[in-house]
Structures are given as C-alpha cells and as structure tokens.
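Letters A, B, C and D name the chains as they come in the text, with residue numbers starting at 1 for each one.
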Amino acid sequence: MSKVYIALQDNDESRYIVEAIEESNPDSTVIHQPAMIRIEREGRLVIERAVVEEKMGRDWDVQELHINLITLGGNVDEDDDQFVLEWKQ
Amino acid sequence: MTIEIKTSTLEPVRNTFAHIERRFGDKPATRYQEATYDVASEINFHYKPLWQPEYELNDTGRTAIVMEDWYAFKDPRQFYYGSYVQMRAKQQEVAESNYSFFEKRNLARLIPDEIQRKVIRLLVPLRHVEQAANLNNVYGSSLGYGTAITQALLYNGMDRLGNAQYLSRIGLILDSNSGDALNEAKRYWMDDAIWQGVRSYCEANICVEDWFESFVAQDAILDGLIYELVYLQFDQWLADNGGQDFSMLTEFIQNWNKDTNRWVDAVVKIAAAESDANKQLLEQWIGTWKAKALEALAPLAEEMVGPEALAIAEDALVKRLNKAGLLK
Amino acid sequence: MAAKKLNIKDKYRLLTRDLDWDFSYEDRKQAFPYEEFEGIKITDWNKWEDPFRLTMDSYWKYQAEKEKKLYAIFDAFSQNNGHLNVVDSRYVNALKLFLTGVSPLEYQAYQGFAHVGRQFSGVGARVACQMQSLDELRHVQTQIHAMSHYNKFFDGFQEFSHMHDRVWYLSVPRSFFCDARSAGPFEFMVAIGFSFEYVLTNLLFVPFMSGAAHNGDMATVTFGFSAQSDEARHMTLGLEVIKFLLEQHEDNVPIVQKWIDKWFWRGTRLLTIVAMMMDYMLPNKVMSWKEAWEVYFEEAGGALFKDLARYGIRMPKYAETIEKEKEHISHQAWWTFYTHGHAAGFHTWIPSDKELDWLSAQYPDTFDKYYRPLWELAKEQEAKGERFYTSGLPQLCQTCQIPMLFTEMDNPNQNSMRDSVFEDERYHFCSDGCKDIFDEEPEKYVQSWLPVHQIFQGNCGGPGVEDVLSDYYKMNVGVDNMDIKGSPDEKRWNEWKGIA
Amino acid sequence: MPVYALNPGYKGERMDRVENFHGNQIVYVGWDEHRMFCAAKAFPLPPSMPFAAVIENIMPEAFGQHPEFSQINWETAEWLLDGEPFKPQLEASLEAQGVGHKSMVRFKTPELQGFQNAGV
C-alpha cells in the first residue's frame, strides 16, 4: 500500500485540524516543515467534520479545509461529513 | 537593525512595472492596472493551434471588431480577481441571509399556488439562459484579446453560473428540495412553446464564431431585455400579486445586473467609438439579434406581465444603446 | 411540508449538472467542435464524477476570505519594507525568475482552462475547468501584486511581461504552455491538469515556498501557499480527468499513455529551472532538489502510477533516466546561467564555500566528481579578473528549447545529443525523450521559435548580442544582468543593511 | 507520424529553413567532454567557408576561453559530423564536405582531459 498525504499551512486553524486528523487516524505521521505541516498515512486518511468541530468548538464545513490546504496525494472523496484521501491499491 | 536605516536610502528605484509606466507615467499604479494591462502574451507563440491553425493562440482576428489597443476596454468597476471575489462575497452574504430567512420562515406558504406555478414556468427556466450566458462569456474570455476584456468576460461567465444556481435554488425552495420544480422547469424549457424562441436564440448564439458578436447577442441584447422584462417588470408584477417575497430571492441578480450593465455599456461604447466600421458592425449585429430576441421574448412578456411589457423593455434597451452612441 | 436536507452531492448535481440540455435548433457538435479529433472516445459525460462540489456562492465566500488575508499581508509587507527581511539580496533573483518565467504561465493556464472550460460538452467537467481558469487568473494577479513591491526596490522585475514573450531562456516555460494550449482539449487536460498540476507543481511550489519562508520572504510564502490552497482542487480535477478518460473507453488508454510520456518528459525538462533555484538560488536551503524529487516524484508519483496500473497505465517513459538526472540537472543549469550571466535578466554568482560543501554533502556521488571543478575554474578565472562569461550562442533543443546542456547518464562528462531528419532538414534534441516527442508530431515542432536562430535570422534586432538584450528584450544592460558582485542591487542592499 | 489535428493536413511553418539566414547556414560546433562550455555553440556561416577558416576563426571564438585551448593539436583531433566519423578537408568548403544547414560538428581531443582532468 502507498502513502497518502496532505499538507496544511502552519497556522492556528490547521493545528485543530491536525489534532483531529491524528485522532481519526491514530497511526498517521505528522511532519513539521517551514510554514507547513505534512501528514502521511499508509493507504487512507480521513478528516471527520464531527471531530474537527469538537476540537474547534464551533461548526465547521468540510469545504473550509480548502482555505488552509497546500497539497495532497491520493484519490479524494469529499462529502458533508468527511474528507477522505485514499489509494485503491 | 532596520531602525538605523535612513529613510532617504529606502526611496524606491521605480514606481511600477515598465509597461504600466509607458501607459500611465512614472507614478504608483493601482492594483487593477498592474493586474490587467499588457499581461497577455502578444507575439512568438511557437505553434499554431491544432484546432484552429488559421490563428495564433492569442489573435485579434477572432472577431471582426478592430481595435488599435485592446486594453481600451477598461472595466469601470476595475475588477481584478481580488476585488471581484470580494464584491461578490459581500453580495452573496446578503443573498444567503435572504434565502435562509425565506426558507426558515417558510415564506413560500404565503405565496398563492398559481403564483408559484407561474414562477416555476416563467422564472426558473431562466437558469438555462444563464447557462448559455456562461458558455458565451467564457468563450469570449478564452478566445478574446487583451486581459482588460477577457478577465471581465470570465468574471461574467462565472457570475452566470452563480445566477443559474440561485435560480435553481428558487426551484428547490418551491419543491422542498425534491428537484421536481427544476425538472418541471426544464420540461418547459425543452417543450413549452413559450420558451422555444429563447431556447433557439441561445442555441444559435452558442454556435456563433465571432466572440464579440456572441457577447453583443448575449450580454448587450438578450440580457438587456431580460433584465428589464424579468427582474424589473415581472418582479413588480409578482410584488403586486402576492409574490413580493420573491424579490428577496432575486435581489442578488438584480444588483448584479446593475453592476454588470455598467461594464457592458462601457464595452459597447468603447468599441463603437473606436471607428465607423466597428459602429456599423455593432449596429448590424444589434439589428439582427434584437429582432430575434424580441420575437423570442414576445410570448413570455405577454404571459409574465402583459402586452405592453416588451415594448417598454425594448425602449429601455434602446436608450442604453443610444447612450453608447448606437442606433441614433 | 418540511424540506428534506440536501446532501452536498445531490445539491451540487441539482444546481449544476442539469443546467445543460440537448439541442433542437442547432447541431451540438457545432457548439463543441473540438471533442473528437484527438481520437478520444467519450461515451457518456454523465459518468463524470465531480471532484469537488463548490457552488459559486461558496467559491466567492472562501476565495474572498483567502484574498482578504493575502492582501492584508501584502499591505503590511510593503508598509514595513518587508523586502529588508529577506536573508540576502541574492535570494531576490529567484523571484525575478519566478515572475518572468512562471507567473505568465499562470496566465496561459487561465486561458487554457477557459478554453477547455468552454469546449467540453459535459457540464460537470466544464464547470470544474472554468473554476480552475478563474483560480489561475487569481494566481498570476496575486503574483504580480506580491512582486510589485520588490519591483520598486530591485532591478529585473520591471519588464516581466515583455521579456516573457522574447527572452531566450523564457522561451522554455513559454513554449511548454503554448504546446499544451495549441493541443486538443483532452491533451491539454492530461498535460496541464494531470501531469503538471497533479505531480509536477508540487515540485514547483511546495519546496520553493517553504524556501521562501526559510529565507524571510513573507510576501512569497503568502501568495504561494494561498495559491496552493487552490492547487489541491486542481490536483483532484487532474486525477479525475485521467480516471474518467481511462474508464470511458479502452481505446483511450494508449492515447493517454502517449500524452503522459510526452508531458512528464516535457515537465521534468521544464523543472530544471526549479532544481537550480532550490540548490543554488536560495541562500538558506530547505532541501536539495534531489530530495524534493524523491519525495514528490518518486514517492508520491510512484504511488499514483501504482494506483493507475489497474487501468493499464505504466510509469512515464524514461523514468529511469529522470531518476539518474536528479543528481545532475541543477548543477548543469546553474552553470549554464552563470556562464550566460551577461544574457540573463537576473544576477548570477559562484556559490560560497559553505554552499559548495552543502552541495557535496547532498550529492555525494556526483558533486565533487563532476561539478566542484567547474566552480574552481570559475573562481580561478574570477581571481584573474576574468569573470567567465561564455562567448557565442548555444545550440538549443528543438523540443524543450533548453540549451543542449544535459549529459549522458552513462558518461556525465559528455553532452547528450540526438537528431532527426524531417523533410530534408535536421533537428537536434537534448535527449531521447525530446526526440520522441518531435518524431511523433514533427509538423508541430518545426514551428519552434528558437531564440538563437531567431537572433541569427535578424528577427530580434541586433546586430550584436548586447543590442538584442537592450532593444529587443528591454533588459537594462549592466544593471539587470551580470554577476551580483558590483551590481546596483547589491550596492543598494549593502547601503540598507549598513554593510561596508 | 503526422499530428492529429481538427482538419487533415496540419503543417506548421518551418521556422529555420536555410533561406531565412541571409545566405548563411547554421553550423553547430562542440568540444566533447569539455563542460566549461555548457553546450555546443551555433554559428551562422557561409556554406562556401573552407574548413580551415572554421579552425582559424570560429574555433577560437567558440572555445578560446578554455585554459587548454592553446594546447589543442588539430592533427590528432577526432571528428564527428552529424554523428558519423569525419575527416575535415581543410581547403574544401563546408558545403563540399557535407557540412550542411544545422549540421553538428563535434571534436574530441584525446590528450586533453579538461580542467583538473575532470572533463571541464
């Protein structure tokens, strides 16, 4: 299985999202680089709206992710409740 | 560190880019100017397009309109991307609160059934006209010449997609999100005799090759008439007949029209003022497309408001064209 | 009746996908005439999966938020003379190359996506392309605005638009996009939407922007990352296009593979400039080109092609050559610019001893053996007061238009040269990859506007190279070009910083 | 293979036909394994130019900046013309010995290994 990855701008909002990603994907790897945070995981990575909302303490729309998103690798499936990155094989 | 620097040594060596300075002199430039003027490539394109080898990638020859300087088409709104999206974001915020107010209080229940039916038959199908407008404006943006006009055409094209989506949401409000009203409206668009003139006009314009002609047929003529007819007169008629709350839902398009008309009028005026040849060509296009549009809209106007409506709309359009120096 | 809540997929479908209709009064083929000639078979546009489902109102909302943040930083940057915070005036030269070489590509991307965003007959794909087109316009404009402040204090930015159409090395990026735009709509999508956006722009933006952050350049980090936030959408679109084409018809597979081979090759050639920026032009290094290549091409691209294998798609042709070249190209490119520093629109220099040691450490197998001697020669010449500017004009590759500077991977001392004869005329290439591209479509590539030949034909003014530089390119000769040592840029910088 | 274009017969204009060079033809010259010069160089030369003039006038202009240039022994230099082994005839014109428009002339100097013997 290959790694999927996502990189976010290093800012306050992203920190909550990264926390949420770590909670939803326990074995993901978080790498801090100048001005950005990169998160990798084998095969699949999910960002769950409910978890991000819990971390932020406010409503959060999955599409808001795009404001802080820098890059990603993997097939995307986005709906109201989650944002999934996945390699099928 | 920087505290020790004498301000005199921090004088800029130039105020703006050289091509902006050549146009406007050596002084600080606006963001609109720097983002717009002379940004598009002009020469040395390497390969002729496989899909149109008779032209260069960027070529003034794709319209019969001739301009000495295609950057004459200054946008009176001075929209570059940033100012454009920020303006629309403000407007959509108002629209969003209107739509949610309408939905939350279920204002649709206060509107008589026959009025709702009328809106589904006469207003909602305009989403397809907006779709045609999207294609026509993006066409001009992709094949037109000079950033001044091509960027504005793209903003307009995307606005039309936005308008189509707002109109669609009116349908969804009326059918409680089932999509039935949208399907019904589409059937009218496809089969109802009342819409066939407009649909045929749209299909014909989508196939027009000259991008400036397509702009005239869409933005100047058809939109000009529809704005007067639908968003002013029909809106008033709805208000007078128990459908006043619809205005909340069309407010975005109404305001959008006001802002856009300023740009459309400026484009037409600048092209006409450039030369007699341009003026004649514009009048010829206007003659053909206006006649077609009036014929197409006649049954709709009658049904929406009454027998006088179309003449009033035409009158308003002609006044705008007169101001732009045409049809006098 | 309470309205049911629409989920995002249904909402998007209702608001967008059904706007289109079957024509009754005209032939729809006349409205969308370019969809068939490339040989791609589309059986059903309805199978198009919208990769992201942004309606215009949300688009305006989120993009306006990004723009507000971005311009607030630009304003603060220029009010506070943010250019003084960059680590070193050498750094700014990377920005000059960016504004003259990359920003105008964003403009071509805007035009290209507007074109396919009009020409595809499937509304889903069309709307996605239109949005990307608008984003690309955003990128060129925010880049111009970010550089506007630098232009006021440094030389070499002021004629970016004029230069892009004319200057010899800028013909490399420029011809890349002209090539894609002049192709049919599906090839454009494979070229730019997939090959470039999905795999290669990461290499352009991510390490470079991280580099900007590392070198104190707030304005560039901000526009770079802000632009990248759109890029994630674009990447998703690029991958969706590929999957869609491959799923539509099996006959599409070999055509798509051919385009992938072509555009990955052209893309890696184009990125030579980025390799050089990373290894040589950033005073504070983030990672070497080799490392960036391994992370973003070999690892990320490898995963991608593994995923696409189920459709019968394999790694791009010559991937094994590219893998070897990662050890070489940045050094070869900077040497080329260093030795042509008199004809470049930015400054060049010999890397410091510390930098040479960093390069040795990053490239243990190649740097000391092949490239350090070049710099020792350059230092010797400079010490003699004969800073080396090479005479004459170089031979260019007919396809990628880069001077024929690449070497054979089995003998890195020897330049790699290939040629083909087409209709009694000989054409030269830097590589098998570039030769293949020409041989596939010679009627197209005979049109290359090769700057060196154009100068000899007398189409760029002259007679001397200096006349071409000053009159045709509008370079401020002796100011914009030559070594950074003794340049007005350096002089001003030293004054600002109080360096004697 | 011809291009796939909307209409058959797509044929771009050949930008570098010999007629465009005002009586000259383009000749490329390259010194093998001497990377001080990043690439071979291009020169517009009259087809009637004898090869001796290339050695006397063009070679110094092209490669004279190299510290080894003065040590070149033209007698032992090994030549390739468009990839084929080639023995220049000094008195004959370029045209007469098959050096045509956009021909590539390469030479190797077996006794010179470049600066620091590193192929530079």
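Keep this in mind: a contact is a pair of C-beta atoms (placed from the backbone, for glycine too) under 8 Å apart; a residue touches a chain by one contact, two chains touch by 3 or more.
In this text the structure is predicted, and so the values were computed from the model without any measurement.
Asks: Tally the contacting C-beta pairs at the B-C interface and at the C-D interface, and name the larger one.
Replies: B-C
Asks: Nearest chain to the global Cα centroid?
Replies: Centroid comparison flags C as closest.
Asks: With chain centres set to the mean of the C-alpha atoms, which chain is at the far end from chain A?
Replies: The chain lying farthest from chain A is D.
Asks: Between chain C and chain D, what's the gap in Å when you average each chain's C-alpha atoms?
Replies: Using C-alpha averages as centres, the distance is 31 Å.
Asks: Can you compute the centre-to-centre distance for chain B and chain D, using the mean CA position of each chain? Integer Å is fine.
Replies: Whole-Å distance between the two chain centres: 58.
Asks: So how far apart, in whole Å, are chain A and chain C when each is placed at the average of its C-alpha atoms?
Replies: Roughly 27 Å, centre to centre.
Asks: Could you tell me which residues belong to chain C and also touch two or more other chains?
Replies: 33-34, 37, 65, 184, 444-445, 447-449
Asks: What are the residue numbers in chain A that touch two or more other chains?
Replies: Residue numbers touching two or more other chains: none in chain A.
Asks: For chain D, write out the residues touching at least two other chains, lowest number first.
Replies: 3-6, 10, 12-13
Asks: What are all the chain pairs that meet the touch criterion?
Replies: Pairwise, the chains that meet the contact rule are A-C, B-C, B-D, C-D.
Asks: If you look only at chain C, which of its residues touch chain D in the complex?
Replies: 33-34, 37-39, 184, 332, 335-336, 339-340, 369-370, 373-374, 376-377, 388, 390-396, 403-405, 407, 412-415, 417, 419, 423, 425-428, 439-441, 443-450, 452-454, 456-458
Asks: Considering only the defined contacts, which chain A positions touch chain C in the complex?
Replies: It is residues 2-5, 7, 9, 33-36, 62-64, 66-76, 78-80, 87-89 of chain A that touch chain C.
Asks: Help me check something: in the complex, which residues belonging to chain C touch chain B?
Replies: Touching chain B from chain C are residues 1-6, 14-16, 18-27, 30-31, 33-34, 37, 55-57, 59-61, 63-65, 67-68, 70-71, 81, 84, 104, 107-108, 110-111, 114-115, 117-118, 123, 127, 130-131, 133-134, 137-138, 140-142, 144-145, 148, 151-155, 157-162, 164-166, 171, 174-175, 178-179, 181-185, 444-445, 447-449, 474, 488, 492, 495-498.
Asks: Please give the residue numbers of chain B that touch chain C in the complex, ascending.
Replies: So the residues of chain B touching chain C come out as 1-2, 4-5, 9-10, 12-19, 31, 34-35, 38-51, 57-58, 80-82, 85-86, 88-90, 92-93, 95-96, 103, 127-128, 130-131, 134-135, 138-139, 141-143, 147, 150-151, 154-155, 157-159, 161-162, 164-166, 168-169, 172-173, 176-179, 182, 186, 189-190, 196, 199-200, 203-204, 206-207.
Asks: What does chain D use to touch chain C in their complex?
Replies: 1-6, 10-17, 20-22, 24, 26, 28, 30, 32-33, 35-44, 61-62, 64-65, 67, 82-83, 100-104, 106, 114-116, 118-120
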